[in-house]
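So, here come the structures, one by one.
Shared between the two complexes below is subunit A, which has subunit B as its partner in the first and subunit C in the second.
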Partner chain A sequence: MTATPDDGAPNAAATDLAQSPFLSRFRPRGPVWLATPALFVLLLVLAYPLGIVLWRSFSDPAIGIDNYVWFFQSAVNRAVLQRTFVVAAWVTLACLICAYPYAYAMTIVGRNMRLALILCVLVPFWLSGVVRTLAWVILLQDSGVINSMLRGIGLPPVKLIRTLPGVVIGMTQVLLPFMILPIYSVMKGIDTRLLPAARSLGAQPWKAFLQIYVPLSLPGVYAGAIIVFILSLGFYITPALLGGPRSILLSSLVQNQVLSLLNWGRGGAMGVVLLVATFLLLAIAAPLMRQKHTASRREV
Partner chain B sequence: MHASQPSTGAAIEIRKASKRYGAFTALNDIDLDIRPGEFMTLLGPSGSGKTTTLNLIAGFTDITSGTLEIGGKSVTGLPSHKRNIGVVFQHYALFPHMTVGKNVAYPLALRGIKGDERAKRVRRALDMVKMADFAHRYPSELSGGQQQRVALARALVFDPPLLLMDEPLGALDKKLREWLQLEIKRIHRELGTTFVYVTHDQEEALVLSDRIAVFNGGRIEQIGTGRELYDTPATLFVGRFIGESTVLRGSAEVSGDETAMVIGGQRVFAHGRLADGARPVILLRPERVALKRVGADVVAGENRLTGTIAEAIYLGSGSKYEVRLSDGTTAVARSPLGAADFVIGDTVDVTFLRSDLILLPDDASADVTLT
Partner chain C sequence: MKKFARAVALTMTCALALPVWAQDKPVAGEVKEGSLKGKTLTFVSYGGIYQDGQVAALKEFVDKSGVTLLNDGPTEIAKLKAQVDAGNVTWDVVDTADLPPYVHCGTLFQKLDLSKLDVSKIPPGQVGECSVPAMNYGVVLMYKNETYKDNPPKSWADFFDTEKFPGVRAIDGSGDPTGGLIEQAFKATGGDPKAMTSDDIEKGIQKLRDLGPDTIYWKTGAESQQLAESGEADMVMMWTGRAMTAVKNGAAYTPVWQDWLVVMDQLTIPVGVKDTDAAYALINAYLGANAQAVLTETTSYTPINMDARPKVDEATAAFLTSTPERNAQGYQQNIPFWVKNFDLAAEKWNALLSGN
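The block that comes next holds the complex of A and B.
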């Protein structure tokens, strides 16, 4: 896989999302048939199994909503669902805090430095998630690198492995590229000549940045936040390896039901609950994203 | 009301100003005085230093050496947001996430002007550029000309004593450009603000300006009214940059206060003489040239060179001819309606009065820069 600043695959996908074809009105124009191969794959490997899961959640072991009643009656399940959303929110926030200045730096440095920065974003993509997570285990564990360093400078050790903060740290690292790339792809289209224009009108440099640059970068922020949040909700490997019994997320519960207990109905119901919750959240966030006329691209 | 009185223009005084970027000298020791309320155009080819001068005044770049005073105060080290200068850019620079009204209100909001006063001044500024009906539109919904009018309103809404414009009409088509030139002229007359306008279009400079500063290679070649620059250019560069011209070169003989130049075996006389050592050239304006049939009567003080019509162009208001002289030079002549018609291939006398010739020192850079 090769990636250049301008036509990396994840980058292009992110741009699409930022321009929000699926988030704004659906209007087919141009040769729609170009999407046929992708649609075929999506329908086959996504829609069909999803249909089965949905069906099973209402029919396994008996027709009805028993699986859903079970899910919401269990305090543990409700707590895990809530925890899953809270963790996703923290991960999204942490990613945003790291990604925004990083993406901005990418737009202002020279060509070679930009390539280096993009490489740093993309290298983790080439590494298996399991390997990366195991690296985090080494860093975070009680006798790990971080705690050794803390001990070295005379500070008390911190419990990180098998805690929620540990999970958030690990997930943030894995998901960071999904925040950086959409923000960068929007930022690189912002006409930076608007900033001296704002200054000439009387804005201090920081005001010009906050009032002109930041609003124009928001489409990228929204796109990145939604991608990271949704990926966080269904994250499995990292929370499973870094988390403990008190930091179980919904995906682990699903895995437990389906693979350990072979209870496809209950597992399916959990999946459907997660899906519906995600859609609800998107429905709430969509009006935010529908910013009119943020034509931040240069026209001249 | 105190803040919305018509502003009086600020004077600008630039002394021995230079701007260097590493080894490159963008601006080389310029002096420029702009009077309060004046419309001053900085004219020159790209890379001549005119935009650098504008950026120095706006505070976008720092001066390397020399002084710059606006309204009698030195602005060295003063950041652009404290200079209170309106700037209009070629690329409009409207904020795409704000409506037209919000764009124009932005400088007022920064100055803490609120409520009715703000609304009133936004309205007035948009009225001035005839865009009041577009206050709720976004910039992306406007044409280039409309966007530039909004940018003009935004740059003037806070009543700055000085407005800078950097090739504001460069991206627009000819018709629109001509109309907006007149609008800008009208607004300048109404406000009394000092306007500093950067362009590479000499016609635009002539239409708009009280005075024009002609830039070349980081220096100012001449400052003067359009008429002064056209009739009495100080350098060959200015003469060639402003208006059309024919440059005649040949071996010169000086006798007293008269210079004779031998061009293709024929002699042309001009009043005046240049300092010793300068190689003289003769600059000829097309409308000062009269084409005559060979053998026509000679008028007192008239020069004549024989040539062949190489191109004849009918312009409606008259005709334009290109005449190939015997030494290979192409002379341009403009004849008014009713003058004799010639066709390509005719042999003609190119005639012009001694007093209409402009004698200038030769300058190789004038040719290089213009190509």
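The block that comes next holds the complex of A and C.
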């Protein structure tokens, strides 16, 4: 993700490379061959362990679906699974609301300002999530910075730490870069002359923005939303530290089964349920996104 | 004549047996010079100043025996299970929480051969079938001076009495349920912890739930310390080490020693280690009075050798749990009961901790 202001045609360089005599020799097999290291790593560190988890969920301690029956019979598990998806949705929404204007601002400011904005996104990104979460503890706790300020100006304190809103605030901050960067990378490729063009054809400025710019930026929004949503589903440290008993997410329950109770079959089943639920949700969302996407392309 | 012959035979047997016995009977803290030269042992514990202190306590053993000591951690029973399942155990001596050696005795942890250890100086009742204590500490109720002023809580009963003692409670939610706390909660409902049945676990848990939605379940020792230092909670259930550090850092809290919950870390030898005798030698050295004094001086945890005489400052001494007075006030959870009901208790505890 470079910040040079004049890379409006990012594909030009790639096309040049592909046409070079050196690479054209490899062209027929090239793309597949290039993917092999990544595929190999994925097979080794993702597919293989995932297969073991799946197998264990059906075989540990006995062959069958006992672990899944147990999962869905427990009210705690069902409640926490639902909560996990609700929290992920809130975090995705909160990230979107914060990230969209921010990414837009990054495309319209000058070069130095853009660098500063990118740094603001990336610097917290380089810090450990645990450190950032602990900083939020200091900010959100009852005797913390926010409540001291509220008391200072005569307002009643608000309960933030160990509540669901507290968890959403902390997770939003940790995940914000994953929303800003994809949106920005799409936005910077949008030809901004389309807006004056629309206006010259009689569109109100806000209408031009909503009907021309927003649809063009949607691929970035979808990408960011999916990344943030999926990462939220697996969050562990932030809800554990900022949340109370009513904001525990599924990963904490998995951790308990795997690390403290040594029920690896049950832990595996919980992971598989989360994974399948996520896939289902994406399967429902994907056609919707594709439709919008092609629609916006047609408008161009 | 027969009698005489028998007496001679008996004497002979004793005379023959005695030197063997005297030679082999281990003495806590002692190891033969150069006996483990060229060997390597991996010691696993929870890191931080605790493991540093344990390594310091083992320095004499390492120097004398010639063993190469490797350190790993933190202890995770799941990792150990993976090693045992795979038949490739690289952890030789493992420091664990109090219950796992009982729950997994014989499956993950070896049954200990007590002829290879000198356990005579360990406080009574602490040697398990698969474990010896690694150190003692306590879980103590700390209350905020400012909140309760002249009428402070005096026992766990007051901890569970939210009418007479209003205020925010903070409870150890870092992992497995604390059996002692559930027993005290059950006692607060009018039950008798000594006669507890598995159905009573829910009653105890319900009493905890009744403390209200403001109750904090802290996840790490550091968090409990932070709760005290910032004054967030009015009564905090704390590990003595953390309580001591919080007070040293200026937290205006006072411990309630009546029925403080006795807790210990355990030393274990996993099933399938390559050199069991070397592992025994390490544990036997660790149990020595000098080693235990060093451990306490470096970590502030209570030594588990009754002859250990650590030199510590006043603040640390105030939180040591090995004095006769503290021994009299301590409350020991019903270990066999919690081992038997481990899964059930953990399930109910997790339900409590996930808000259900």
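Convention: the second predicted complex is superposed on the first by the 260 of 300 C-alpha atoms of A that agree within 3 Å, B and C clash if a C-alpha of one lies under 4 Å from a C-alpha of the other, contacts with A are read in each partner's own complex, and residues count from 1 in each chain.
Convention: contacts are C-beta pairs under 8 Å (C-beta built on N, C-alpha and C of every residue); 3 or more make two chains touch, one makes a residue touch a chain.
All of these numbers come straight from a predicted model, not from anything done at the bench.
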Partner chain in contact with A:R162 - subunit B first, subunit C second, else both or neither: second
Partner chain(s) touched by A:T192 [first = subunit B, second = subunit C, both, neither]: neither
Partner chain in contact with A:S59 - subunit B first, subunit C second, else both or neither: neither
Touching partner for A:N256 - first (subunit B), second (subunit C), both, neither: second
First, second, both or neither for A:T278, with subunit B first and subunit C second: neither
Touching partner for A:R246 - first (subunit B), second (subunit C), both, neither: second
Partner chain in contact with A:A203 - subunit B first, subunit C second, else both or neither: first
Touched partner set for A:V137, first subunit B, second subunit C, both or neither: second
Residues of subunit C touching subunit A in the complex: 76-78, 81, 104, 173, 175-176, 213, 215-217, 219, 223, 226, 230-232, 343, 346, 350-356
Residue numbers on subunit B that touch subunit A, as the complex places them: 58-60, 79-81, 83-87, 89-93, 95-97, 106-107, 110-111, 138-141, 154-155, 158, 171
Residues of subunit A that touch subunit C when the two form their complex: 75-76, 79-80, 137, 141-144, 162, 240-241, 244-248, 252-253, 256, 258-262, 264
Residue numbers on subunit A that touch subunit B, as the complex places them: 191, 193-194, 196-205, 207-208, 211-212, 215-216, 291-296, 298-300
